[in-house]
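The structures come next, written out as structure tokens.
Both of the next two complexes hold chain A, though its partner changes from chain B to chain C.
Moving on to the complex of A and B:
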């Protein structure tokens, strides 16, 4: 792996060629906002546009998304210029119009000094709850879990993650990985005693044989046993009691 | 509505088992059944080993696909600039009132589906309504209702 040096906010730092700007910035304690990027997932990022930064290279400047911009020799990144701030503010304002109820977005808006978006809010039929349609949930379900219970439905302003025909998914294992991965907490998951409800389907939870805590859906155990060959006995006890 | 699974299989097995075939198969479903049926997506998912959610998502992405059965006749009202200026919105309204459906919907008796499109390329005839393959130029809220009667 080829190490190279590049400049970010006036500071010279070391990085691996082709590493993304956002990763290196975070490693060096430089804050760039960003919701849709998760380094654990191969195809993530590039959709919320919040991580916009100035990239200076060969005498040219362009605005790029830090989460998928590769670091090369001679690159200089500026994360906090007035241009970046202005454009980012516009993006936050658009997101706020799409998901006026999202706490994460509301917080970003407050920081950027936005009270109310100037754009029409998505309401009624177009109500997206808190979802910014970043696709992380879908990518996690596909890449990490491996079941692809959900996909990105429709397009344009109607774009939203969901199950086929908005029916309870037959392949979902109730693991909740999508809900944990969601940056805006947009996926409702209800744990209630020994049942869990997610994407319109109810799952029976497995109880720990020691502490009695419901800790994993039975369907998830089935899936892990089936795909990894792990012994079912392993799941008798919850991680805390193992 | 029951779908002929044999017909589904005929279409699916007519293609090479690759991701590239998904779109043309969905197009064939649309042509054959006038919509993309759930049974078709399920079967295709089983045979190709592609998640159902992925195929369903494709079907929701493209305007050319309908997930509910379409009517026997499709009414396309042009909403391009010329037609719009020459009164297309009134024509749509008249059809909506007559058939009691909105654009994108199908009448209960499955006789008509109503769509609005952006320019059919015959601006000289504005406002244009296309029913199946027939072009009706100079449409008004009166004559379009008369023209609908030709389709059963």
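Moving on to the complex of A and C:
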């Protein structure tokens, strides 16, 4: 892997060619906000637009998303200019009007100096809970879990993740990866005794044979056994008791 | 003609000579326009009438050859149009009953029937020659030259008019020389962005790879636009020839033509053309003995406007949802199936053979220094002549609207011209002498786009226009990125408020702020250019916004919530027509005495204004 140097906020930093700006910035302790990107998920990023930074290359400046902008020779990144702050603030205000209940967004708004959005807050029919429609849940389910139980329903302003036709999904294994990955904690998942509720379906949980803790949905065990050929006995004990 | 594979350039020349020889003794071919607007006006019946009449007159031998349905001939509002091979004659508004006379006089003897020509509304003089009809006279037909002059379903027609000779010439050139030529010609992408085509090809070629693709973008999602459709329907071989040349230049063996599903005739004609080219060996293995293999597949577009965007289009061909993908590695490097890909627009591809045939200097004779060549536009809206036009770059908007378009109908005043499709901008009267080229239009806050031109008259409300385009864009936004998904609907809320009398101080500034966020922050060009309709109307028609917001008044009398209907007492004769037609029954008055409208019941449907014979209804 080819190592190259580039400049970020005036500092010369080393990176691997085509590595994304956000990863390297974070490794170097430079803060850039960003919600829809997860380094473990290949196709994530590019949607929330919170990680916009100035990229200066070949005498030209453009505003780019740090989470997928590839580092190449001669690149200079500025993360804290007035342009970056202005556009970021505009995006945060739009998100705040969409999901006024989200703590994550409220925090970003406070940081940017926004008290109240100048737009009518989405509520009633327009209520989005805390979902910013970034699509990370869908990518995780497809790419990491390999199940594709959820997809984007509708498009444009009505875009929202969900199970097909909003009916309980038959392929969902109840693993909850989507809920763990969600940057705004918008996916309701209820663990109650030996049942788990997610996406409108109830899953029976498997109990650890040692400590008795419900720790994994039966459906997930079935899935793992089916796709990897792992011995079912392996799941008798929870990771803590193994 | 019998179709056997042609395996050499010489073979192609011989084949062409044979076609020309066999056509020598034919009657001049009659072209009945088969473009969609003409079909709607009954051109099929005209076509059938020609066929029948040829049969009845015993001219059977030339029936099939003598009649050809053609692609769009351009002057759509005067259809059905009829033209004749290699004759400077065009007839308009042709009906089946005109056919016997046309055959008798024009086909057999070459005589002109004046009364089927164009009648100048001012001079009342008739003209049947293209050059004397202003609509055609100011145009420069290069890309559209053969559209309407050949049968798109017959490859022999294309070849007989010199088709595929550019390809033959290209095969005698070094692929890099071809790229040099395209670069020096100054050809810029006709799909909207105006990116230099030669530079795109060169960057693609520079990437080391086993596979490269070339793609033709025939998605044409702009509402009301039909430039690309007309070329695909009317002269598909020009596109195919351009693609083969491009593929040969960059070293690609597989092409795709992405055509929107709503264009069945374009798909059919492209398909036939591809099959015929394959049949003659112009597609496939070892084309014309060049050792170069290339073929084209058709891919049907899903229909959404955003599918025309390059990364969405490539995802769509690859079998995924046609949604833009955020990526900064350009498609010339990593495009379709992650392979280096050249994507060009239909019209761009159709320009390529012209450059190879005419040479760089020849090509640059037309157009401006920064934007050489011609551009095809679809002219629509409040303009006398609507239809498809091809003009040299650098012509002014005034020439386009007033000379070619014939000005504004019904003696109304010109207000603005909208260019660039839904995310283009509105240009006011003060800029009518602006040159049409990529850079001038962008500088004016609009863009070339793919070539939609909508003319607006004094009865147009510019806030309403902005609202109309933003409504369209809200519906077409894919919803992937925050600025476009959230910003556009907030803009629409504000614009709706302004047009409904709820506009507030600060609305214009908030709109400008949102435009700023979209322009800098959106993921794809749909979002980044979506600010244009709002910014350009604010820039040139700010007073109209202010009238709506401050005075709650719509100067153009369009926004229903802001207007009232009233009857002018001096003009009203008390004829009672309006009172009878009013659906709300809210107009009252005695016969022969001035009437009045009860504003509290009026729903502002405008029926009274339409029916009043004395122009007594006033909208304020």
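As a working rule, the second predicted complex is superposed on the first by the 242 of 242 C-alpha atoms of A that agree within 3 Å, B and C clash if a C-alpha of one lies under 4 Å from a C-alpha of the other, contacts with A are read in each partner's own complex, and residues count from 1 in each chain.
One rule holds in what follows: a contact is a pair of C-beta atoms (placed from the backbone, for glycine too) under 8 Å apart; a residue touches a chain by one contact, two chains touch by 3 or more.
Predicted model only: the values in this text are computed from it and were never measured.
Residue contacts after overlaying the shared chain place A:220 against neither chain B nor chain C. Touch criterion met: A:94 reaches chain C, while chain B stays clear of it. Within the superposed three-chain model, A:155 lies in touch with chain B and with chain C [touch as defined at top]. Which of chain B and chain C touches more residues of chain A is settled by the count: it is C.
Of the two partner chains placed around the shared chain by superposition, chain B is the only one that A:164 touches, whereas chain C remains out of contact. Contacts of A:68 after superposition: chain C is touched, whereas chain B is not reached. The residues of chain A shared by its contacts with chain B and with chain C are 152, 154-155.
Interface of chain C with chain A (complex): residues 304, 325-329, 474-483, 485-490, 493, 510, 513-514, 516-517, 520-523.
Residues 38, 41, 51-54, 56-57, 60-61, 67 of chain B touch chain A in their complex.
Within the complex formed with chain B, the residues of chain A that make contact are 142, 147-155, 163-165, 169-171. Interface of chain A with chain C (complex): residues 18, 43, 45-50, 52, 63-65, 68-70, 83, 86-87, 90-91, 94-95, 97-98, 118-120, 132-133, 135, 152, 154-159.
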